[in-house]
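Right, one structure below, let's go through it.
Here the chain labels run A, B, C and D in written order, and each chain numbers its own residues starting at 1.
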Amino acid sequence: MAPALQTQGLVKQFGGIIATNDVTLTVEKGARHALIGPNGAGKTTVINLLTGVLRPTAGRIVLEGRDITDLEAYKRVGLGLARTFQINQLFADLTPLETIGLAVSERMQLGRQWWRLPGSKPVVIEESVDILNRFGLTDAMNERTATLPYGKQRLLEIALAIACRPNVLLLDEPAAGVPEAERHGILDAVAALPSDVTVLLIEHDMDIVFSFADRISVLVNGELFVEGTPEEVAQDPRVKAVYLGEEAHDA
Amino acid sequence: MLTILFDGIAYGMLLFVVSCGLAVTLGLMNFVNLAHGAFAMAGGYITVILVNRLGLPFLASLPLAFAFTAIIGAVFERTLYVHVYTKSHLEQVLFTIGLVFMSVAAVDYVMGSQQQFVSIPSYLQGQINFFGVGIGRYRLLIILVCGLLTVALQFALASTRFGARLRAAVDDARVARGLGINVNAVFAITFAVGSGLAGLGGALGAEILGLDPHFPLKFLIYFLIVVTVGGTSSITGPFIASLVLGIGDVAGKYYVPQFGSFVIYTIMIVVLIWRPQGLFSRAVAK
Amino acid sequence: MLRRDMMLGAAALAAIFASPATAQDTVKIGLIVPMTGQQASTGKQIDAAVKLYQQQHGTTVAGKKVEVILKDDGAVPDNTKRIAQELIVNDKVNFIAGFGVTPAALAAAPLATQAKVPLIVMAAGTSIITERSPYIARTSFTLAQSSVIIADWALKNNIKKAVTMVSDYAPGADAEKFFSDRIKAGGGEIVSAIRVPLANPDFAPFLQRAADAKPDALFIFVPSGQGGTFVRQFTERGLDKAGIKLIGPGDVTDDDLLPGMGDAVIGTVTAHMYSASHPSKMNKDYVTAFEKAYNFRPNFMSVGGYDGMHLIYEALKKTNGDTDGDKLIAAMKGMKWESPRGPISIDPDTRDIVQNIYIRKVEKVNGQLYNQEFATFEAVKDPGKTAK
Amino acid sequence: MSALASLPPKPLVATAAASLASRARWKPAEIAFWLATVASIFLLPSKHLILTEIAILGLFALSLDLILGYAGIVSLGHAAFFGFGAYAAGILAKYGIIKEPVLALLASGVLAAALGFVTSFLVLRGSDLTRLMVTLGVALVLREIANQLDITGGADGLQGVVMEPILGHFPFDMFGRTAYIYSLVTLFVLFLIARRIVNSPFGLSLRSIKGNPLRAAAIGIHVNGRLVTIYTIAAAYAGIAGALLTQSTQFASLSVLDFERSADVMLIVIIGGTGYLYGGLIGAVLFKLVQDYLANVNPQYWQFWLGLILVMMIMFGRVYGAIMAALIFAICTWTRLPFMQSIVFTLVVLAVLGIARPQILAVTSRITERAAAIQTRLRARLARKPAER
């Protein structure tokens, strides 16, 4: 059985700067894999490469045995690769219901239909309401997204990725910027993700990482540094020296 | 052959002087000033009045055209433009097109709808024969003035205190204010200088481009082409774009007259497809 | 319900159109000229001349009050057409007049036929216009008239090699064709025929091309308004010193612009039907009155408007105030009168103007530039029609 | 979050379906708008010509709104498609290729759509400014081509177009009645289709692309494909508008491809407001009526007043700005101020208003608040009344 997501020798150069250097990463099916690293280690660049926002300078990306290196971003979504963004990327003028409904109907290949009204397919609505319900967003489903409180927007961000019904989900710092009080809502949502969905979590916050991940990769200066189980990584002296040391230094 | 090259350079330089003010307001202040041509027209008419009616020498009236247009620019900036900086580009387009309409009608009434000509002194008329290459004296003057201006502008923006303040104000107005920079004054001066340059361009260009109340609309497209092709992040971009367009236009009309008018548009489309941010933009990843 | 509404509307409509045109004792003239845009100076000249004519000759003719309704079409033909149609349908005008550019006149031509309303062309100068409707008469000129005459003059004055340079639109094509044909028929040669885009900021490359062809003369036609820039660049490039004569129809030395063109234009020879310095008593009075009233010099567009008004007034006198289109056009055919430009008449066969074409040279008179007439070709018909 | 929670309650689904559909429901104001246009056929017979022009302009503006308001593509060369359709219709009729106007109209739309499809790839990249200039360039190049070709009649325009009766039954008449009804029917049909499009899942995806193209791609939307589609559709609309103009005026001239035409339609859409389809229509009505009024009152210098309205609308908001511009115009007209003094007076007033803008805005916003308060109170009272009864 092919792993959910694999990269081989992934390199990304911006001009003279090497942002990602020879990253070879394997995420197994159903894994809860975390990608950690200090600020500026190139975590988001990796996500952007995986999802097709950026094109790699060298290397390959394989999704469930299929080479997707040259595939456009939207096609990767169709193959079951979805993501969230570190900074909310939502549709400010749409309501949460419209937002989720859009993603659901796109997944069902209904998005090019121009003769139908959006409310007319019961399957789409039922699934949309179901997703909104799961994330506790039904109360606010008819409000403009831009007017929602930040915590709710953050939930919508994740719900939107879920609406794509991914096999592999890339979560880019899901709890970033969320006040302490609302944090558990987000974390609960992440923890409740179906177990057959493979999750690659990019995170800064060590508490989240260690409570969630069953495997951790550490990225430093664009290179893969250490990989292993949470225990192994936590024990690894090099990680302690480089990563945790810097973390302490930052704080 | 060389004469064509020379004419092309002169034409390009002229395009540059008329357009560089727009490059400054658009590139540095991020303001779409479609009324730019109106300031150029003002410069042209000021010169007509100074030279033809008041009998001032042509060369002396050039700096005056710059100064008067700059003052007009400053007044408009302080009273009207300042309110529109924060509006969307589309609203800025609407606002400045409105100003263009007003200026066209007002100038038509005050100065008449027919074309006006500046009385050029005799020493600027005719051609000099330079090793078999016919060089128009007036065009030579244009090249000289524009060359000097380019150097001066480049210097002012890159190496003076004011240039540094302007760049700071543009990058982040709030931080610049915090640093004690009077952002409003910096913008006003920049806008005034941009308008003044347009006025100077209008004064110089009246002879070659013709001057009538329709000027701001007739040449609007040319300004925009120069600025988009050149990119708005520097002065050199529009400068080189002007030269390319000027030489391309003149040479195209000389060698393939039946396709002459396509040349400038084709250059623009090709450049913009190839480099959507213009020829010489910094690769800003925003 | 809908049907009843439609019936009602149709009835209302019928009532409106069936009602006799209000105030039968007013004759309305719809004057459609460009008052804004690049051709605005044409409109202003014509408007001024029309107003002057009414001041001088009163607003009553054959017992009827003459009312002029001025409309701006900005020289955009679909505007012209719509405005003409509105004037005919809503204002019930008896004449439509003006028309700054050829496409505008052509656009309105079918309306004249449909509504049987005389259409007086006061500016546009392409030959074909009058053929587009039996209700069109012209009081301006055709480019063929001046182009053929200047060709005759050139041949007589030993110009054998010529370059033509015309703006790339119908009048330009007309000018080029008639001049070239005449020159070739007379044993001359056209070494290069250059078409300049209509909206053209810089003549430099085209002039360089002309200079490189080393002709005896350069035949130029650009619409009035661009002439000044052209002539200045002509001398700037030293074509005059290279012995190339500048000749053409009179648009290039338009009286409207001539005063500001500078001494560069002195010596330019053109053929045209009107010069503000035409030495007749009538013209002197006309120019004096015009300049007094408007503070600018009348040009050939203005006499087109002035004579157009005269044609309308005289036609009305002849029909005794009858505004039937057929009768009016019949009255106009063959009409002869003295205009500020000299004796003119309307060709009874083509309804086009027959007039003297003068050869003029730009000179300085009392410190002012004028087109001084020095030779006259009398009663020239439009060669565009006689050629057929 | 148990398995139970994943079955949403039925009423919630119903509300959701209803609220999704609500956007597409016909509002009373919309119905009133179309009733008014129908009424204009009967009530304003003397205005049919200008109304036809407005209807055509409205359709053209609707076309621009489809790409500007729904997909966020700015264009300063939309006349390219308008002009292409105009010439296509003219050539089809003149050379007898398709004689029946409705068929020719559709064919012109298809041809314009083809042009739109080809050129759409030029506007996929780049900033707003780049898009403005590329579209402008396309229109200018087309204009030059039309100028050079013989089949288009060059600068003389395409003359001698004779239109057959519509559907073989309704000839174009001198009063422009047929042309007006024909244009209105076309506008209404195309409006219905556009309304359907923007309210469909496809329309929703366009709005999402306009709002955030990055995220739209990240939920699997083929952004470029959708943009190409809507650009092509908009081109067809513009082409049909152009074809209507040719058919109703029976000729086409280079002015259909003018820069001014592209710029005007842009102004119209911005004045009327983008992204709700009626903006283009309302903008066209206002723009054309104001322009026609001013040009009749002041044939020489009407542009001055039009410009003033635009400036004031941006400075003080659409409504207040227009009112203030109208006041200035009224003062100058009523006092019979010569135009020279009017210019000076207007400039001085402009400067004063500019300096006092913060204070004026404070006043206008207070007025708006009051008006809103009165409105809510009225509404509340209206809502209470039936209940009391």
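Rule of thumb we're sticking to: a contact is a pair of C-beta atoms (placed from the backbone, for glycine too) under 8 Å apart; a residue touches a chain by one contact, two chains touch by 3 or more.
Small disclaimer: the values here were computed from a predicted structure and weren't measured.
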Chain whose average C-alpha position is farthest from subunit A's own: C
Pair of chains joined by more contacts [C-beta pairs], B-D or C-D: B-D
Most central chain, Cα average position: D
Rounded Å distance between subunit A and subunit C, as computed from the means of their C-alpha atoms: 73
Subunit B and subunit C: spacing of chain centres that average the CA atoms, whole Å: 36
Centroid spacing, where centroids are CA-atom means, of subunit B and subunit D in whole angstrom: 32
Per-residue overlap in subunit C, given as positions that touch at least 2 other chains: 36, 40, 44, 197
For subunit D, residues that touch 2 or more chains besides their own: 144, 300, 302-303
Multi-chain contact sites of subunit B, meaning residues that touch two or more partners: 104-105, 108, 258, 261
Touching pairs - complete list by chain label: A-D, B-C, B-D, C-D
In the complex, subunit D residues that touch subunit B: 74, 122, 125-130, 132-134, 136-138, 140-141, 144, 148, 259-260, 263, 266-267, 270-271, 300-304, 306-311, 313-315, 339-340, 343, 346, 350-351, 354-355, 357
Complex contact set, residues of subunit A against subunit D: 51, 53, 72-75, 77-78, 82-83, 85, 89-95, 97-99, 101-103, 105-107, 110-120, 122, 125-126, 128-130, 132-134, 138, 141-142, 160-161, 163-164, 188, 192
Sites on subunit C touched by subunit B in the complex: 36-38, 40-41, 44, 194-197, 199-202, 204-206, 208-209, 225-226, 228-229, 232-233, 235-238, 241, 256-257, 260-262, 264, 296
Touching residues on subunit B, where the partner in the complex is subunit C: 3-4, 7, 11, 52, 104-105, 108, 112-117, 119-120, 125-127, 134, 136-139, 207-210, 212-214, 218-219, 222, 249-254, 257-258, 260-261
Residues of subunit C defined as touching subunit D within the complex: 5-6, 8-9, 12-13, 16-17, 35-36, 40, 44, 70-72, 76-78, 81-82, 85-86, 88-90, 102-103, 106-107, 110-111, 114-115, 126, 132, 168-170, 197-198
